[in-house]
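Here the chain labels run A, B and C in written order, and each chain numbers its own residues starting at 1.
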Amino acid sequence: MRHGKYRFIVGFLALPLLLYGIFVISPFVQAFQISTTEWSGLRGTAKSVGLGNYGKLLHSDEFWNALKHNVVMLVLVPIVTLALGLFFAFMLNVGGRSRRGAVITGVRGATFYKFVYFFPQVISITIISVIWFNIYNPDPHDGMLNSLLGALGLDSLQSAWLGEGSVALACIMLVMVWANVGFYVVLFSAAMATIPRDIYEAALLDGAGRSQTFFRITLPLLWDTVQTGWVYMGIIAMDAFALVQIMSVNMGGPDGATDVVPLRLYLTAFRDSQFGYAAAMGVAMLVVTLLFAVLTMRFARRERIEY
Amino acid sequence: MGSTSEVGRRDLVKRAAALGILAVPAMGALSSCATGGGGGSQDGTKNKGATSAKNPLGVKNGVSLEAFIFKGGLGDQYAKDAEADYNKTYGTTVKHTGTQQIGPKLQPRFAGGNPPDLIDNSGADHLDMNTLSAQGQLQDLTALLDAPSIDDPKKKVRDTLYPSTIEKGQHKDTFDVFYYAFTVYGTWYSHKLLKDKGWAYPTSFDEMISLCAEIKKAGIAPWTYPGKYPYYVHFNVFAQIAKIGGLDKWIAIDNLEPGAWTSNDAVKQVIGHYEELAAKGYFLEGSQGLTHIQSQTAWTRGKAAFIPNGSWVENEAAPTTPADFDMAVGPLFNGGTGDKMPHGTLRAEPSEPFIVAKGGKNPLGGMELLRIMLSKKHAQNFATKVKSLTSVQGATDGMQLSPGLASAAKTVKEGGKNLLMIQLQEWYPKLTDEKLGGLTSQLLTGELKAAEWIKKAQQYADEVAKDSSVTKFHRAT
Amino acid sequence: MTTRTTAARPRRNSEGGTLNVFSHGMLVVWALMVGMPLLWVLWSSFKSSGDILTSPWSLPGKLHFENWVNAWEKANIGKMFLNTLIVVGGSLTGTMVLGSMAGYVLARFQFPGNRLVYYLFVAGMSFPVFMLVIPLFFVLRDFPGVPLLATYQGLIAVYIAYSLPFTVFFMTAFFRTLPTSVAEAAMIDGASHARTFFQVMLPMAKPGLISVGIFNFLGQWNQYLLPMVLNQDEDKYVLTQGLANLALQQGYQGDWGGLMAGMMIAMLPVLLVYVIFQRQVQAGLTAGALK
């Protein structure tokens, strides 16, 4: 029995571990080694510089600037996305007027909303970037957003968007939120649908309002799902690369206002041919992501509510 | 470099990969071995056949050839046309790839030791040629320069070119980059717009400022620029500094000499001029967020009068350019009486770098394809297809040219010997595009003062000069 | 909405009125925010490039069908679609099988090194792909016996490897929540570990599988960097690569109409699949939400 068990364990873990070891772990380890060299990427001499690249990193304003934006995204994007997702999901499932004798019901057209909100999820990030780049066209007449604002008489709100240092990062974060809210609406809706109706009804009988219902029943019961979503959103926020690369002004501009570490890494490697230094940035990103994961798991250790 | 070392190497890499302990220095050494592998000689004469008058380089019949062509504003049809001629002569079919991503696609192939033969290394994602050259990956193209030209066997290829093509294509003493096109940079405008309004193309900064006031009064923005790529503005800014302050002082900037920016009065004048343009609101609203296409569209539609650009703009903006637009380019402006270079000076220099990979299968074929492209037939085809000049002198003489190209050719002719070449952007793209570009985008929105721009530019240049990981270059002329 | 009525009819709190208007307004606004840009791509795909750039909101004056023809001919979207289907189909299947196997073992069996293996996988979620691509290229090129560079099998293997961390993380958590009694009963009946897994546990885990499968599908479908570096044969291009190519190309050539049409062609099949299977997609997420 014991022997069979270990054979089974080995049998089941061998192939996944093999693939993972060859294609993820081994390049990962090599990347660490690259980060201790000065290497131009192509064949030839990688010069060992020890921890020199890390020292350079610590003193690089560019790097800290980019990292700061990643952290801002890491905090804001999940919060806003999940909050909107929860709000919409709550509206769609619980927010409706009583009708057809049902006490707890979603708003009219809930199925349709869920259907539409999910759309951006099935669209390639490249397409999303191109679409939003056009929306943010800064021309007061040719730009989609600007001309809309103009037509509504809100000329004062017109902006150069991605060209405006103070709002450019927010513009990019908005696209991330836009692209992901639908996923969480569907996810949270599904979770809410599993909450027994009588719990809501009991709450309503006690005279609880909708917001109270949300914070005292829905949110606690959904906590695990929110957690999963948080981790997933965090990963997305750390990799804003495609959006920033395609949309931002002057690659991470104006003047570094939208720079993120993956872009810095990409440019350092593929434009400046400094693969050692770029690898050091990769390692730094790893540290940040690990910190995020650890904090999330800490935070996640909350008692589950059983029902 | 036999098959044993190949097997041994593979074995090593395999084991190292499985264990995840592949040391990088070892990898470098191993892959340098790989590049030379395959049994051929390393002097770039792999697959050499017999030479003849028609075939001076000795291309072997029937040997395959692979061309990787940047497919940007110029498209890649012009290269395909030349390849068709090559196919006919040498009984093969050139494997052609047209792409926008030269670097990401070829970086691994160079590392893997199987690069294509001829590469048009252009666009935003190009390969770092300095590194390639330093590593001996590039074929020395001197043999091509000394080969007879296709049109006149008595004339060497070398003698048909603009001299700056040969100058610019050197790394140390080796000529290994062939700049096929010839790009004219400057201030572009609609000749028709100026004529209709009775405005004259300004000859000096002062005239520009007063004309801008008039243009603005007429309800048109004097200038626009692609804020998404602020280095477009540098096409004019850098050349203007060289024109006013003299080429030697610009060379000091190219060479990253200490105080080269701050000690040059021309810098103060030029940056000050742009500060004034910004302060007076002479840039089209929203320009700071426009792409090259968007800003060009605003310009071809008459929303702005001037745009800093290169001669590829005519081809690129063709879909939105009105038939009677009459595109034109003008020379640099006078700063004052103390200018070091005369009126008519402009930045015009070789562009569209072609390289032949030494480690490719058919380096001689790569050179031969270039020689075909340098024939009058294909140089003219290039001018017709993509509305751009080539490095072949006078190839377009007597041709019916499109308005923008005709204007570019005329401006170059009038410039005579006063054609400027700027290296800073080619050599230190991070400095110019990212760091100075960031400054310029703020300068043009009025967020940054000229004095601040200059101070920071010097600081950034000094940082690059001190950074040992950045490969340095030097020019004397 | 399937709600069951109860005899009790509690009084609805009256904060409803204005809040309802506001909330419903938000729903409509968001629906427009999502729907409009997509409709915009659709109608722009029939406009001339000049019109797209200069009057973005206008409807096409004349229908420029040639945009679609251009996009189809230049961009070779059908072939790229097929490539994507093959790669994502293969890697998704592989990911699900291998991921749930590993997750099951890690969730249900105590053995020395269990935690180590688990954290090794979980740590992978935080590996930035950027730092891995160059070494990864060499691993693929020098893999003994099997050509992996710019091949379907190479991409599939890499996609699986890079999807394993999240899948193992998710499936381990999922298997932990399943009741142990059923498996124990099967074992007592004499079933082997492997049989118990495939015949008892896997069907029980179906909701979790569907759920993580959707996560993985979206992730692999949108993968951009890996194919860019590892899949340079134009015949093997996947959609993300091809679309980026197209976007760049149009950026240089100014053919925005063609770009819009190309984007529509790339989007339509996925949108269609989503429209047809939306119930299943949403139901799949339910499973993830349960636990």
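The rule we apply is simple: contacts are C-beta pairs under 8 Å (C-beta built on N, C-alpha and C of every residue); 3 or more make two chains touch, one makes a residue touch a chain.
Going by UniProt, the chains are A = Sugar ABC transporter permease; C = Carbohydrate ABC transporter permease.
Worth saying up front: this structure is predicted, and the values here are computed from it rather than measured.
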Greatest separation from chain C - chain, by CA centre: B
Between B-C and A-C, the pair with more C-beta contacts: A-C
Rounded Å distance between chain A and chain B, as computed from the means of their C-alpha atoms: 38
Where chain A and chain C are represented by their mean Cα positions, the distance between them in whole Å: 14
Chain centre separation (chain B, chain C; CA means) in Å: 40
Per-residue overlap in chain B, given as positions that touch at least 2 other chains: 17, 22, 27, 31, 104, 111, 291, 294, 297
Shared interface positions of chain A, touching two or more other chains: 22, 25-26, 28, 30, 34, 41, 137, 142-143
Per-residue overlap in chain C, given as positions that touch at least 2 other chains: 53-54, 134-135, 139, 143
In the complex, chain C residues that touch chain B: 49-50, 53-54, 134-135, 137-139, 141-144, 149, 228-229, 232, 234, 245, 248-249, 251-256
Chain B residues touching chain C - in the complex, by the definition given at the top: 9-11, 13-14, 17, 22, 27, 31, 71-73, 75, 97, 99-101, 104-105, 108-109, 111-112, 291-294, 296-297, 301, 316-320
Residues of chain A that touch chain B when the two form their complex: 21-22, 25-26, 28-30, 33-34, 37-46, 48, 133, 136-140, 142-143, 146, 160-165, 249-256, 267, 270-274, 277
Chain C to chain A touching residues, read off their complex: 1, 3-6, 8-10, 12-13, 15-16, 19-20, 23-24, 26-27, 30-31, 33-35, 37-38, 40-41, 52-57, 98-99, 101-102, 104-105, 109, 111, 117, 120-136, 139, 143, 157-158, 160-162, 164-166, 168, 170, 192-194, 197, 215, 218, 221-222, 224-225, 239-240, 243-244, 247, 259, 263, 266-267, 270-271, 273-275, 278, 281-283, 285-286, 288-291
Of all residues in chain B, those that touch chain A in their complex: 17-25, 27-28, 31-32, 34-35, 103-104, 107, 110-111, 113, 125, 128, 131-132, 135, 137, 227-231, 284-291, 294, 297-298, 429-430, 433-434, 437-439, 441-442, 447, 469-470
